[in-house]
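The chains carry the letters A, B, C and D, assigned in the order they are written, with residues numbered from 1 in each.
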Amino acid sequence: MDAKLRLAVHKFSSCDGCQLAFLNMGADLLKLADLVDIVHFAEAGPMAPDATVDIAFVEGSISTPEDEERIRLVRKNSRHLVAMGACATAGGLQALRNRTAGADWIAAIYPQPEFIHALPTSTAVAAHVIVDEELWGCPVNGRQVLDAVRGRLFGVAPAVKNDKVCLECKRQQSVCVLVAHGAPCMGPVTRTGCGALCPHLQRDCYACYGPAENPNTRALGRRLADLGFSSAAIARRFLSINSAAPVFQDAGGLWQKGDHGDA
Amino acid sequence: MSEPHILREAIIRERIQESPTIFTLRLAFTDPEQRARYSFQPGQFNMVALYGVGQSPISIVSDPKDEHLLDHTIRGLGRVSLGLSRLTPGERVGLRGPYGRGWPLVAAQGRNIVLVTGGLGCAPAVSVIRYILRRRDRFGHLTILQGVKHSDDLIWRQQYERWSKLPDVHVGLAADVSAPGWFGQVGPVTVLFDRAPITPGSLVMMCGPEMMMRAVVTELLRRGIDENDIWLSMERNMHCAVGLCGHCQIGPHFVCRDGPVFSYPELKALLGERGF
Amino acid sequence: MAMREIHLCVPVLARVEGEGALDLQVRNGRIETLRLRIFEPPRLFEKFLEGREYGEVPDLVARICGICPVAYQMSAVQAMEGLFGLDPDPWVHAMRRVFYCGEWIQSHALHIHWLAAPDFLGYDSAVDMAATHAEVLRRGLTLQSLGNAIVNLLGGRSVHPVGVRVGGFYAAPQTAEVAVLWERLVAAVPDAEALVAWTAALPLPPGDQDFVSVALRHPYDYPMNGGRIIASDGLDIPISEYESHFAEYQVAHSTALFSALHDRPYLVGPLARLNLNEDRLYPPVRAALARTGIPFPSRNTFHSIVARAVEIHQSLLEAIDLLTDYREPPRPAASGSPRAGIGFGATEAPRGLLWHRYELDSAGVVRHVRLVPPTSQNQARIEEDLWNDLEALGVDQDEDVLRKRAEMIIRSYDPCISCATHFLRVRVGQV
Amino acid sequence: MAATGFLLRGYAQNLLDALMGMGYRCVGPQVRNGAITYDILSHASDLPWGWHDDQKPGSYRLERDGSPWGFAWANGPQGLKPLLFAPVDTLQTARRTEDGALHFEGATPHAIATAVLGVRACDLAALRLQDQHFLEGLVPDPHYAARRADLFLIAVHCTRPAVTCFCASTGDGPRAEHGFDLALGETVGGFLVTTGSAAGEDLADRLPLQAVLPKEQDALEASIAAAVAGQQRRLPSRDLRAALFAKLHHPRWEEVAARCLSCGNCTAVCPSCFCYAESEQPALDGLSSMHTRRWDSCFTQGHSAIHGTVIRSGTRERYRQWLTHKLGGWHDQYGRSGCVGCGRCITWCPVGIDITEEATSICGESHV
């Protein structure tokens, strides 16, 4: 029998919610601990931040000079690096500071900003090192994490999951909240994976899984404008959890300028 | 009711590395009854399943007479095919098939046959070559023209050499880019046409990249081949292989059910049309 | 006694949520410096919230903390509704308590089993305990997953749930799903009761310190999402007066602000809640607690783990109670319109008092936010506890012993560094 | 078609009781989350009495008008499709034993005999198409077949089509002509009942039917005629195959692609669309794996991915695939157009793209 795969979970700037995809998986977590060697996962106990591993899950965005160095080390020590969650794949909600002068904010907020060592931006892991697999979502769920681990155990490439939330919404036979209620649903431009939770609860998707493939942000923005939403409100739909994902960043930027995208 | 999706277990009897990325799996159903029941026509394909990962349509390259062994020559490209490339003899896969309409072997009887293939497009054609060579008296002259992007991509080099020495067989090899020592011609596969006995009345079978096939068809028509005598093997994304899932359509055709081998007139309108 | 210098540095604390560190310097048998260092980079949430419409706030504040998103959502909607003069139906109030019970159960079960228990049983992690304590872990996982299931029922998922809106919920659960969950909850009651006894029987170190407990106090419920702020020193104020009594300050070693009540450190969280609200527990929970023989109020912070088990028991019974004879409401949320002004919200997150203040304009757009999470309130108290406890233990002990003890103390507070650092104030010291 | 009897509105529950007495689980229209959707139905009082729908491209609203009518609405977000071609369906499970051997097992569902109340003519036409696809092809689909086997269909003639409906132009409605066991025509006092099968006659025998008065029959005919006259949309022709394939480079494809979200809602709500994707869900321990199919759409990237390239990478190609298939390729495959004129793809398109308008623009006829 081959040696067990070695697994690490690293945390950067984040809310810890994606790590809970592990800690909330119940009996599967014990099974996982049986199948692989969890060598580093500070929140769960094992500590070996500098160990070399076969698969490293990285939660959080890169937002300090130390983070920049540490992520390079993690990359060097990991055969397969998985960026997990909106912070790691797109910089997270905290990347909203990238749009303004982040350093000024810190100065405005802290009486002694010199104590705070933070970069002016919060960026995705892929902006710093090569990423082998991305799990989008704020937060990712247990299914995504288990599939990633299972894929490594089988030794196969990650499956591509970039369809839109709408398709999953319809498979669940949820009534479209955009069409039936005029809600500003982001499902038509948002990546699948959550299980279309929001429309299932009869509310608009707010794009926490980031952009889907081939998204037509322009057409959706125009539709929201027809429904009576202001340019600023439409801009905020894009500039939220995944504001630094390029597609949303561009769309949000245009609407923020009041540009209706018709030019 | 039969369940068209149900896989059968097959064992890898042998694994042959054909080129750095291409390999052949020699498979046999483990259930003797299934083995006995199974028969196929050249040009048909199987769905080969990598346990827990997925299934891919792969042509059968063996001859139907090699009853107990089903050869599949695969290029390691994506999730399933790269995963398959790591399997070793003795390991198991899932298999279902055979599917689709194979080469027009009845129409081909007594005719001169021209096979034009490009890249790994040669896989579905190999089965028919073997078929013809084993039933030599039923067919006329056989011309085999194979083009590759780079001369290093050529697989089955010895086979081509062996075939080229047979009576009534002409083999031509071309590479867009060649390494030193290349014994074939340089250029697209159509550069082989001048030396090849391509005569009106021949039946042409081809497979390979669609742009290549389109160029070849134009050349064939120019040389007086009847369009009804041109047959092409097509590839599309496929999940069910039985005409249900909708992925493999080219216009009104389901490649899995109506093909993968089509006559040129069936495809004429859409061949090379981007998006179909 | 030999002269000894110790520099103890625990660069990353294991089994705490978020990343923090501890620096300890001892000279001549006395502690010279002791710092709970929180270096997790700030995420500047208060700034992002400015310019957002009130309706977006519940989804955004959830992201401050993956472990207690419900608490953030509940404090936020309370603040908005208070400002708008919106009083949702009893159904909404009941379901919010159910929702919150789910978070308490999942968060406490996670802390007890994954973070704290290995300390008392001599393991490095819960995974290592699996072989010898399989049954305990199974019970813990069952409770944790029940907590998640409760949050899922109303929120779709347990981390950053999507069901909450100002005024109530986006959708009401269907009677059939509630019935299924209800059965599971009832079946777990013996587990919760057994967990109380089990935590009390752990070899918890003794401890006796004088500290001030701070928690909410409700006229008849165990405190969760309503009530006044009280303290064991006699403080009793409405939540809107929080800023007149509690002050924050920045220290060089932490990206989270420290907090003090009348210039003193204080404790928030399960132990503080139980110390101040034992009389609000359900009778069967009080009885189970009495059977442990531990007297409350307690002056031993290691009793926090027992308090967590007690709160799991309480939350489970309360969720069962509130879901008995469940009926779908005519509307899952009350609607109202925004008003300019300042709204306050204070609820009891699993780790303690979570206080919010929002200043909105007349269109309901956020102008200003202040969020005070439990962990930053506990920071000063943790340092004080460490100082007292380690000196009592004797700093001439082996470094390893000191380190283990220090980590154990820190963990018993269940600090959540993610929360702590997402807290930022704009005008420090001007309260 | 003359009705065989009249059922007073007050006896609607008898209809359900009779069906349940015949061993069926009843499924019928009900108001849920702002739309009329099909769900298990035991009480006739749960039918959408007094509700009507207001549909527009990209918009659907329900209104209560206090009328006694139960079926004075056009259609909801789904037809019969999800009942038979399940949105998510496990086809097979695989197990791997320690010696590496693989064991495969089918997962054909045990379907429950179901009666569906309120089926519209367009949905019956779509059912016919789905039957052709799933049952009459190379191999019948056992999952669809199992659910189709014990299906009892109670149709209702449409008397209040939506603005988006155009079944008259496709020849599929608004009157339910065939394919049902029983058909109801709603008028002021109740329902005119027509039987369409032996099972339907059996049901009719169990109902407290009264004789049909000529004026009731006339009223029904008049309202069906009005429903035909009231339809505002139409396709330029019932066979656009040649016209569409001749216009593969029409600039309109580009133009519609700028508006289209490529979200797949049109294909998901279309009662005849049949594409699905298969995938594996291996268990964490690797000892077993489920093989599942899910509704797919020609608007996804995966639909046309091959050898690491995507044949239809842009929305222009995807929309063109949909339209040329639906209105063109189906003629070769199933002998008619794939569109039954239900208008769902118009209403439920989040940006309100209108198939009749696009087809008309591309095929070069003025939009009527």
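Convention: a residue touches a chain if its C-beta (ideal position, glycine included) is under 8 Å from a C-beta of that chain, and two chains touch if they have at least 3 such contacts.
The structure presented is a predicted model; accordingly, all values stated were derived computationally and were not measured.
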(message) Just to be sure I understand: going only through chains that touch, what's the smallest number of steps from subunit B to subunit C?
(response) 2
(message) Farthest chain from subunit A, going by the mean of C-alpha atoms per chain?
(response) B
(request) Find the two chains joined by the most C-beta pairs in contact, please. (result) A-C
(request) Return the chain label for which the distance between chain Cα mean and whole-protein Cα mean is smallest. (result) A
(message) Need the CA-centroid distance for the pair subunit A / subunit B, whole Å please.
(response) 43
(request) Between subunit A and subunit D, tell me the centre distance in angstrom, where each centre is the average of that chain's C-alpha atoms. (result) 37
(request) Give, as an integer number of Å, the spacing between the C-alpha centres of subunit D and subunit C. (result) 50
(message) Taking the mean of the C-alpha atoms as each chain's centre, how many Å separate subunit B from subunit D?
(response) 40
(message) Touching at least two other chains at once: which residues of subunit B meet that condition?
(response) 52-53, 78
(request) Hunt down the residues of subunit D that sit against at least two other chains at once, touch-wise. (result) 279, 282, 286, 296, 302, 305
(message) Where in subunit A do residues touch two or more of the other chains?
(response) 150, 154, 159, 202
(message) Let me make sure I understand the interfaces: which chain pairs count as touching?
(response) A-B, A-C, A-D, B-D
(request) Name, in rising order, each residue of subunit C that touches subunit A in their complex. (result) 12-19, 39-48, 52-53, 56, 59-60, 63-67, 69, 106, 110, 114-115, 118, 123-128, 130, 137-138, 141, 144-145, 148, 156-160, 162-163, 165, 169-171, 250, 252, 255, 416, 418, 422, 424-426, 428-429
(request) Under the touch definition given earlier, write down the residues of subunit D that touch subunit B in their complex. (result) 91-92, 94, 96, 100-106, 108, 133-134, 137-142, 145, 245, 248, 274-280, 282, 286, 289, 291, 293, 296, 298, 302-308, 311-312, 316-317, 320-321, 324-325, 328-333
(request) Report the residues of subunit A in contact with subunit C in the complex, numbered from low to high. (result) 11, 13-21, 23-24, 26-27, 29-30, 33, 38, 42-47, 49, 63-64, 67, 92-94, 96-97, 102, 105-106, 108-112, 115-118, 122, 138-139, 141, 194, 197-198, 200-203, 206, 208, 233, 236, 240-241
(request) Going by the contact rule at the top, pick out the subunit D residues touching subunit A in the complex. (result) 32-35, 37, 58-62, 77-78, 82, 87-88, 258-265, 268-269, 279, 282, 284-286, 294-297, 300-302, 305, 313-315, 347-351
(request) Please name which positions on subunit A make contact with subunit D in the complex. (result) 28, 31-32, 35, 146, 149-150, 153-154, 159-160, 162-164, 166-167, 170-176, 178-182, 185, 187-189, 202, 213-216, 218-220, 222-223
